[in-house]
């Protein structure tokens, strides 16, 4: 399994009038977290797109346990539990500065060929980098 | 069961460089959809908050079937399948202008007393309005 | 001069912990307002892009007089004061439900040829539609 | 004069279908930049709010020279040109990784007493920290 940790500070714009991080904004945080998880492996998501493989989200789930607040430095633990094939699954856990678990989430993304816009296998170089972790 | 329909036009800001509606933005659309579903019943979410009952999201799930695109007028069908108690569950289906189903989603929200910040029962007037539909 | 009016309801996601509409979100509202102003003239911004003319913003200014709040139905008055050439200038005034002026703003946008990515003249059909108003 | 530098990586959610950073998102970046500028001086904007002083934006201007793109690490140079009184003015310059100037911007913010919601003088401890720089 591959695991990685990313930190993000809550922006004012990301809070709502309940003073919480707006529930919809975690999707952005997880996008940052998974791109940084790949970067920590030496994989650039941007380059993968430019080489013709897109990675749209096909499923997203989140359970909220506690709210996040303005200016908190959140820690997101991202895990890739299985070796990807046509799909890659990321699990996320968000913690606040007191190390309290705020939420757990999961995204399923599908490798898509930009030309055909059909699902395709995970690019070889991505698979080769990930394989030793499983 | 109570069902309601809301329409939303995709803003430029809501698209991403894949030309899709960014996957995280549907959470906002569903927030609008459920507030409009309540409004169509004569329930103002804003007033409920001002009367001391908050309604944070405790769980959110979405499955993406097809992307939404810029300037499309999306139709969201919102359903409240069960009479709420401490929790209220909304189901959503998003359709594009060709009536293609783009995604299905679900949010679970919890009624919270603003003073104590503890879960509480659905406000009486909300229950009375909803009850005849079940 | 051409003037048009658009209404937008403030979403929960658009508020911040000060309970105001976050100052950065008006840029989105004005994007909607100018696209709707063009639509009311029979001009589709989306089609213009697909025909190869982009319209990026080159300048944006806003003065805030009063805040907007959650669930308010805001009215934006959009004006195109001069006939566009390479640039098109939009002025905006945002009003709340009590008809109080919340802010005034201006955006300058430049017509850009998608192939060359260089500034170009306003498309002919846009000019022909606007001309009678000046 | 006080100057500070902040770096921000462009998120996928912040791009639009033109592949640019959406013009409205820079307001968020500048919010981060000014809060980090204050933090680098030992001033916590969050604590200032909790002590009863809000700092809403009264004016915002931006000139766009070049677009920002996905995954770029942007550098924002933030300057506080004058010692603040009732108002504090921030200037911003955004650079990409090639050190190209993307835009220049300015925000004027007003110190507001949370109780009265009226403008007030800059808090003493903020003034004392800033004074030696002018």
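A few comments on the model shown:
Just so it is clear, A, B, C and D label the chains in written order, and each chain counts residues from 1 on its own.
The working rule: a residue touches a chain if its C-beta (ideal position, glycine included) is under 8 Å from a C-beta of that chain, and two chains touch if they have at least 3 such contacts.
All of these numbers come straight from a predicted model, not from anything done at the bench.
In this assembly, C is the chain whose CA centroid lies farthest from the centroid of chain A. Contact count check for A-D and C-D (C-beta pairs in contact): higher for C-D. Inter-chain spacing, taken between the CA centroids of chain A and chain C, is 33 Å.
Chain geometry summary: the mean Cα position of chain A and that of chain D are 28 Å apart.
Per-chain CA centroids place chain C at a distance of 24 Å from chain D.
Chain C has residues 12-13, 24-25, 27-28, 31, 70 in contact with two or more other chains. Those residues of chain B lying in contact with chain A across their complex are 18, 20, 23-25, 27-28, 31, 54, 56-64, 67.
Of all residues in chain C, those touching chain B in their complex are 9, 11-13, 27-28, 31-32, 35, 44-46, 70-71. Interface of chain B with chain D (complex): residues 12-13, 15-17, 19, 22, 24-25, 70.
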